[in-house]
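In structure tokens below, several structures.
First chain A sits with chain B, and in the next complex the same chain sits with chain C.
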Partner chain A sequence: MSITLYNYVLSGNCYKVRLLANLLNIKYETVAIDFHPGKEHQSEPLLKLNPAGTLPILVANGQVFTETQAMLVWLAQQHDPSCSWWPINNANQLAAVVQWLGFSSRLSATIGELRLHSMLNNTINIDSAQHGAKICLRELESHLTEQRIIGQQWLTGDQPTIADVACFPYTALSPDAGIEHDEYPLIRGWLHALRSLDNFLTMPGIHELHELGSTIRDKT
Partner chain B sequence: MTTEPIGLAQDLAPKGVMRAQIGHADMAIWRSTSGVISAWENRCPHRGMRLSHGFVRGESLACAYHGWHYDCDAKCHYIPAHPELEPPSTIRPAIYSVVEKAGIIWVNTAGTATPAELPDRLLGLRTITMQCDLSTAAHAIASAAQTNAALFNGSVNDINSDQTILSLANPNGTDGICILFQQPLAQSTVIHVLAHDSYSQNELIAISRWCESVRREAERIMQSSNKVEPAK
Partner chain C sequence: MTGLEHAQKYWYPVAMLGELNDGQTKNTQLLGTEISVCGSNEESVTVSSAGQLLAVQCQYDHVWTTFSDDPYPLFAIPEAEEPGRRFVPCGVVRVSCSPLRAVENFLDIAHFPFVHTGVLGAEPHTEVYKYDVQIDEKHDEVFATNIRFFQPQASKSAEGSIETEYIYRVPAPMAAILYKTCPPKPEAMDVITLFVQPIDEETCDVWPWMALYDDTSTMADLIQFQQLIFVQDRSILENQLPRKLPIDPGHEIPTKADLTSIAYRRWLKKRGAYYGALEKI
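Right after this comes the complex of A and B.
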């Protein structure tokens, strides 16, 4: 099986794919794309693969995907025999997962855009992106509150799914867009839970909970 | 200075770090792996990094910047760049008195924390931040209590005279929910909502959504009053 990810390290969408692949122990190749300043994703060879001129692009056994959510579905469906990350055997939960995949696009369109603006100075409508980001984070916080009331820790149940993976990066990266997590205690707890999973993967701006590595010294 | 509620105890799990502000005091509150809670000035004695960005390592908080480790007594006991050095005992952030009672974390920035007396059998529901002042929030809560007969009987009581703790009775007339106001910041009011343990899960969800409606209403009132009377 051959899987190739056209990747940019600072992209939150590329990170979703790398994160799930790591969590599920999937081996893949990467092709590093000079997104900034080279704009290589908008060069002719890349536009042949993805006319939309966006990253990530995943080529899996010859099939080309240009939407992150499709990549997550494909990876989980191929590599998760327990069917917990993409719960095809439970109609209600499966629909809830797709609902939160859709929500993750709203996070990209608000927090993701604000972050690109503060990193690359892209032109965007800042007020409307900030307002949209606040609406999204409040909705997520309220949903996690309701999940806690019914005794569930993750977005759609008591196990993480690709919905949690899809919503994680831009929520975690919101401080890059100028939005701190101070107002959102349940979001903080959920981010912490995701970062505590086995085989969690970092990216610039999302470090490990055990970042100091061998220098950790507990006072005993 | 009084003792202020700054969060629900269950929202700060072991290994968790959070930031809270009371008036001009900016603080990092963290819980060690074994469960010990501490509230410190949010400023690393080394170069002033916010300690709320730090990481919990067992029974220490490590600053995110250069990794200085502080133990639960706030004493710096490890500097990664000088592992052999025993740091002077004077290196410590300012500490505040913090206690947990009735599912709430209480902090006093100028004295010993003495939590308010609350009715029994309340459980933490959620903390919610509203972009409005305290009186607008209190007003929106009082009017919303009248219109939700399934959850509340409409009566709103001040538990203390300064209106920083309100209780709304449930339809049987007994304790329903309790709302604690944290000393407001310039732009926002933080409330902590506790609910009686007799509410069902569906009722708790309804109360959580009621809080969101209250917030939308309070922020609408605030926005329209800002239009009439520009902020000073």
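Right after this comes the complex of A and C.
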């Protein structure tokens, strides 16, 4: 099986795919796309592959995916026999996962855009993006609080799903956009839980958890 | 002379030659002042501020400008003339930090295993071996030599971990150049620079540029390798306090590994390069 990811290392959406592939131990190839400064994602060959001109693009066994959420669904459905990351056997949870996949687009449209603005100086409507980002983070914080009360650590249950993977990057990267996590203790706990998973993968702006000495290192 | 007046005597990068686009004006800032970059190529590019044209020169794939009528000359990078090297402008990344802190971070090796884990360093290889720092009197530059460090992936062209040798030059307060082992061509060294455009005292646009011997990696691979490393530093830089770089001795307690940084701070202080610096607490 061949899987190729057209990738930009600083993109939170590309990172969602790399992160899930790593968590599920899936092997894949990457092709580096010069998003900045080259704007290669808007070039003729890439537009042929993805008329929307966005990244990531995933080609799996000849099938082309251009929507990040579809890539996550495909990777999980193909490679997770336990059906925990994409819980097809539980209608309520499955719908909740899709709900949060939709929510992850709002994170990209607010925090993701703000981050591009503060890092690469893209032109955006800052006030509306900042306002939207705050609403998203409060909604997430409030949901995680309710989950905590019923004893669940993750967005839709007691196991992480692709919803957690989809919402993680831009939430974790919000300090890049000037939005700190101090006001969101439950979000901080959830980010920490995700970073503690086996086979977690970092990206610039999302660091590894510091090991607390050799005892922990010996255990792992 | 104030820190600002001193800073105004240097050349700064304000655009990449490759991004110039006829009919499109790029508005940006330099040392707290609004400036505009117009033109489509090396011949036609102009930089202006409040209707006044500023001096312009194109070097190292970037457009440089200065506010001074009598600026210090732009530093030389002889390797930019060497045939066979690939020149890689890496675009711009904005960082909310003092321009001096961006340069100082570039000079630091001790953080490699912790911030660039698995690439420029790895535990337990954290030791910074003894190295030498001097002021090159002829060119008035900070010059650090004999630096060696264990690196899992020193560059895109490296196959496996190597002990890398580094040389650092600081030719201007807001620019730094490093020379490091070139895996495919051991007799030469790769050149990686950090050109800093000071937006104001606590914000900068950073333009990394490279002159490498590497015939196999794609341009996108080379650029992303450098961006990956630089953006790993970004979140650290934005959290450094105090926001301005303390250059008076006594503000911080350095260790032996910080030799280049100490020399850099002393050199800034001696020449009155206080823009972006904390003079007194």
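Simple rule for what comes next: the second predicted complex is superposed on the first by the 210 of 220 C-alpha atoms of A that agree within 3 Å, B and C clash if a C-alpha of one lies under 4 Å from a C-alpha of the other, contacts with A are read in each partner's own complex, and residues count from 1 in each chain.
Basically, a contact is a pair of C-beta atoms (placed from the backbone, for glycine too) under 8 Å apart; a residue touches a chain by one contact, two chains touch by 3 or more.
Just so it is clear, the structure is predicted and the values come from calculations on it, not from any experiment.
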Taking the superposition as given, does A:150 touch the first partner, chain B, the second, chain C, both, or neither? first
In the overlaid three-chain picture, which partner chain does A:64 touch, first (chain B) or second (chain C), both, or neither? neither
One more residue to check, A:204. First (chain B), second (chain C), both or neither? second
Of the two partner chains, chain B (first) and chain C (second), which one does A:142 touch, if any: first, second, both, or neither? first
In the superposed arrangement, which partner chain does A:189 touch: chain B (first), chain C (second), both, or neither? first
Thinking of the overlay built on chain A, is A:178 touched by chain B (first), by chain C (second), by both, or by neither? second
Just to be sure I read the superposition right, which of the two partners does A:40 touch: chain B = first, chain C = second, or both, or neither? second
Residue by residue on chain A, keep only those touching chain B in one complex and chain C in the other, then list them. none
Touching residues of chain A toward chain B in the complex: what are they? 138, 142, 145-146, 149-150, 180, 182-183, 185-186, 188-189, 192, 209-212, 215-220
In the complex, chain B touches chain A at residues 7-8, 11-13, 15-16, 18-20, 52, 55, 57-60, 62, 67, 69, 71, 77-78, 80, 83, 125-127, 129, 190, 201, 204-205, 208-209, 212
Under the touch definition given earlier, write down the residues of chain A that touch chain C in their complex. 8-10, 32-34, 36-38, 40, 118-121, 175-176, 178, 202, 204-205, 207-208
Okay, in this complex, where on chain C does chain A touch? 16, 18-19, 89-94, 96, 115, 117, 205, 218-221, 223-224, 227-228, 231-232, 234-235, 238
